[in-house]
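Chain lettering (A, B, C and D) follows the sequence in which the chains are written, and residue indices restart at 1 in each chain.
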Amino acid sequence: MRNDTPALVKRITALSLITILLIGFFLAFKEMPKGSAVNVNQRVSRLYVMKNVETATKMMENGKFFAKGIKPLRTDVPYTPITFGKSKNLEDGAANVVTSIVVDYRGFDTLGEVTVLFLAATGVAMLLFGKEKKRKNKTEPSLIMYVGTRISFAIIFLFGIYIFVHGHLTPGGGFPGGAVIASGILGLFLGKNGYKPNHLGLKVFESLSGMAFVIIGLTGLFSVHSFLANFLPTGVIGDLYSAGFIGLIYIAIGMKVGAELSAVVNSMIVDVEEEWS
Amino acid sequence: MIIYVATLIVIVVIMLALIAVFSKKLLSAIIASGFVSLGVSGLFFFLQAPDVAITEAAIGAGLSTAIFIIALKKVKKGESKDEE
Amino acid sequence: MNIFNNAALLIGVPLLFAFSIPLFGLISKELAKWVTLLTIGFNASFSFYILFAHKYPTMVVMGNWLPPFGENLYIGPVAAFLVFVISMIGLLIAIYNLWAIKKGDVIRFSVLFLMFTAGASGIVLTGDIFNLFIFMEITGISSYALAAFGPERRALGGAFKFLVVSSIGSTLYLMGVTLIYTQLGTLNIAEIAARINQTTPGLLTFAGILIISGLAVEAELFPFNGWVPDTYTGAINGVSASLSGIAAISAVYALFRIAMTVFGKSGGAYVSTYGKIDLMALIALLATATVIIGELSALSQKNVKKMLAYSSMAQMGLIAVGFSIGNKLGVYGGIFQLVNHSIAKSMLFLIVGVLVAVGVGENIDDFKGLWKRNPFLTLTFSIGAFSMLGFPLFGGFWSKFSIVAASVQRGGWYDFIIGLVLFASVVEAFYYLRIVAYMFASDVELPKVKTPITPAIPIFILAVSIVAIGIFPQIVGTFSAQAAGELTHKMSGYILHVIPSIAAH
Amino acid sequence: MQALQIFLQNWIYLIGAMAIFGIGLYITLTNENIFKIIVGLDIIESGTNLFMTAIAWHPKAVMPIYTATNQLVVNGKVVSADPLPQSLVLTAIVIGLGTTALALTIAVKIFEKYGTLDVRKIKEAKR
């Protein structure tokens, strides 16, 4: 919009634009299945929940998957009941179906997602690059704050690790786990003026955990001939040591996200003097 | 019954978003948007999506708001000058 | 179905090295730039291998889950060729960056530039509609940061505008994808494309409009291109070159992959789409508006970078007009023009970058008498300008010619559109020739300037390739023809290569 | 009462998502303050996420996690909420954080260099 557009005109334009958009959305919603009509069984997620993508693949290769008019017969794919704590050697051993989709069935998306976060952290650090100035806060945090943040950091850190290690069993996973760890580090910043995390350590940690993700992917490529393929046994559903490489990847993601978000917080908090020399 | 609770939360969330529209101070707009995220993450529980709820609470409501406030602190001087 | 899983290295290797560049950066800044260069060089040579060993059409399966259940990359003629072009342009700009980027946070700049190129290749390669969004965001986030990089403060305003418009665009795209998912229950492009007529028309049309407006932001189509002039002018020249030479072409490809393969009806003389309105016609209208607005705005600019930005916008419009004609010749012209634009425009931006660095400046008045000051840059700039205008013996001639011929072939209201486009070309000729005239025919006496060696290499290669394409159009023409075949026949060109078992029904 | 409940089940999340989305868009389009624009983007993000989760849900859904007591498949039919959109939302949330952080950084830099947070003044200063 132009610079000198009066506020009222701008508002009316925006309102009419939004109204048109929302009318379009509601017209589209009327044609969308709603409420009890939402049929997960017609969607590709049915196969992910039942963990029988391999069966469906075989059906597809035999030409039995698509009916006349190219309708996929997802409801025809047979399934074997899955019992928590008993079923063994499923194609994907994660009890949390969302995790199995995020890391296994659509792991490539997640690699991209980690990259996006990495790039955002890199961009933030690149734009705020410069010589560090001393922070001058008027008030020093009290002793209770100092001690409290340090003690709570340990607990928060452990909790973050718990979240991403149990990502394939309980809600959570690498991203919230990493975010929790980063908020612990944010607490440390609040607890002491001029707190400095180990920059070199953060950087190395971030790089190594990111590389670990790609290397796990490449291991899949060279051992099972497909990038990001699960090459470990999947174990019993519900066990801590199950779901193959999902645990490994979530640990890598958790550490990477934690390091990255801490780096973002760090570069945002520290005042720098820009230098172009 | 739970749908009525959800309806209530939706109404609260919309009102919080409206606070972000009309608030004169940046800080209250930011806090309001943080609470919108928190409310939405509550709705995710009703929508049977605990994973999303935890992520939204940790990232959308927690860290994102924190980064907002850190950035706001850096430009604190500008706020009073800019607001008409 | 032909599976070549090792092609996943086109994405995997850049990612691995992007994550490790901070470690290389601990050793030396220069090393970071060289790692970027070599990684993009790896991509270029690998895509060269795929292209010339004729490894396509092929598919890469991710995580051992075959499509439509898992994610896949699809390397058809279009993708193979465009990845090669993107990697080559990226490689040349990386060589330029060796010389241009010396100050500031060089290491992180290298990371972002590497992932920018890899993300653009990913947009071209991917076979999953949500994965396309991820790659758009990878390219997007790195380009916001790259556009804001630089000692000049004007970079920031442009980058911020780009960020806001682009985030709203990607949100709209995501909502469109979700709407389609509610009805078809899949995210695989091939399956959606095969079953698109099973959606209800209203929802389909609205989702199409949302998706296309989301993609049009980066494809620089009117009315979503308000960010273009500010961002291109503000960013440092290497970044402007990569934005117009890499990001824009991958976005246009994504736009027409969705419009033609996903929404398109196959079988006619030209591609039209399902739904209540013909999305191809909608794009044609937007594209024509883009051409006219871009060229007319470029005419009045005093700053060469800003002029190039508007011209870039107009060129994207021209490309979109070529694609949206929808017959084989039109798509052929569109892809040909895409390549020509990518080569010529990135070269022009690099030349402006060199000129600014050696102290000539970026205003049109500074170009007066440049021939006497530096013949090399003058000649290459003229070659780029002539290619943009579509002079015979330069690359742009063949593509513009095919687009005009295609619209005459299609007839109907496309005669009117091509009339407007030709009028805009006259305007374009005026402002480019004005600069060329200034460069050659001004008798201002100013000290000579030297050309630095490193950036001269990419500029020279790009100029030679423009002339080579102009004299031997079949270099690009063969691939464009194959690509046009793929895009206009969605069933035999795309779907059957990804999900062959659909053929039984 | 029954009708109201069915209406709410069908529409409340979609209406809420669209309202949040619309309000966010309104903030972004009408405000001049850079921080307000970013707040708008954040709210748009929330609206989109709510929308994407809402289309995964149906009134009898259970959460998509296998536990000792939670049955996802009953009589050969999946009864859980659709896990695929949920995993897409996870991705969208993280990407949203990245965009927000970058936008805020650019905002801070703009304030450093121009001394203002007003978008109009940035433009005037450029010429």
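Please note the rule applied: a residue touches a chain if its C-beta (ideal position, glycine included) is under 8 Å from a C-beta of that chain, and two chains touch if they have at least 3 such contacts.
Predicted model only: the values in this text are computed from it and were never measured.
Between the contact lists of chain A and chain B, the overlap consists of D.
Counted by C-beta pairs in contact, the busier of C-D and A-C is A-C. Centre-to-centre separation of chain A and chain C, using mean CA positions: 29 Å.
Separating the centre of chain A from that of chain D, both taken as means of CA atoms, is a distance of 15 Å. The geometric centre of chain B is 37 Å away from that of chain C, both derived from CA atoms.
Counting partners per residue, chain B has 49-52, 55, 59, 63, 67, 71, 74 as the residues that reach two or more other chains.
Counting only residues that touch two or more partner chains, chain A has 1, 25, 32, 38, 43-45, 96, 98, 106, 109, 113, 116, 119-120, 123-124, 127, 171, 173, 175, 264, 268. Across the assembly, chain C contributes residues 130, 134, 137, 141, 144-145, 148, 175, 181-182, 187 that each touch 2 or more other chains. Pairs of chains in mutual contact: A-B, A-C, A-D, B-D, C-D. Interface residues of chain D facing chain C in the complex, by the touch rule stated above, are 21, 25, 28, 34, 37, 41, 44-45, 48, 51-52, 55, 84-85, 88, 91-92, 95, 98-99, 102-103, 106-107, 109-110, 113-114, 119, 122-123, 126. Listing the residues of chain C that touch chain A in their complex gives 5-6, 8-9, 11-12, 15-16, 18-20, 22-23, 26, 60-66, 68-71, 103-105, 108-109, 111-112, 115, 122, 128, 130-131, 134-135, 137-138, 141-142, 144-145, 148-149, 151, 175, 179, 181-183, 185-187, 191, 194-195, 198, 200, 202-203, 206-207, 209, 226, 499, 501-502, 504-505.
Listed in rising order, the residues of chain A touching chain D in the complex are 1, 3, 7, 10-11, 13-15, 17-18, 21-22, 25-26, 29, 32, 34-38, 40-41, 43-46, 48-50, 79, 81-82, 84-85, 95-98, 101-102, 106, 109-110, 113, 116-117, 119-121, 123-124, 127-128, 170-171, 173, 175, 237-238, 257, 264, 267-268, 274.
Within the complex, the chain A residues that touch chain C are 1, 24-25, 27-28, 30-33, 38, 42-45, 47, 53, 56-57, 60-63, 65-72, 74, 104-109, 111-113, 115-116, 118-120, 122-127, 129, 200, 203-204, 206-208, 210-211, 213-215, 217-218, 220-221, 224-230, 276-277.
Interface residues of chain C, counted against chain D in their complex, comprise 130, 134, 137, 141, 144-145, 148, 153-154, 156-157, 159-160, 163-164, 167-168, 171, 174-175, 178, 181-182, 187.
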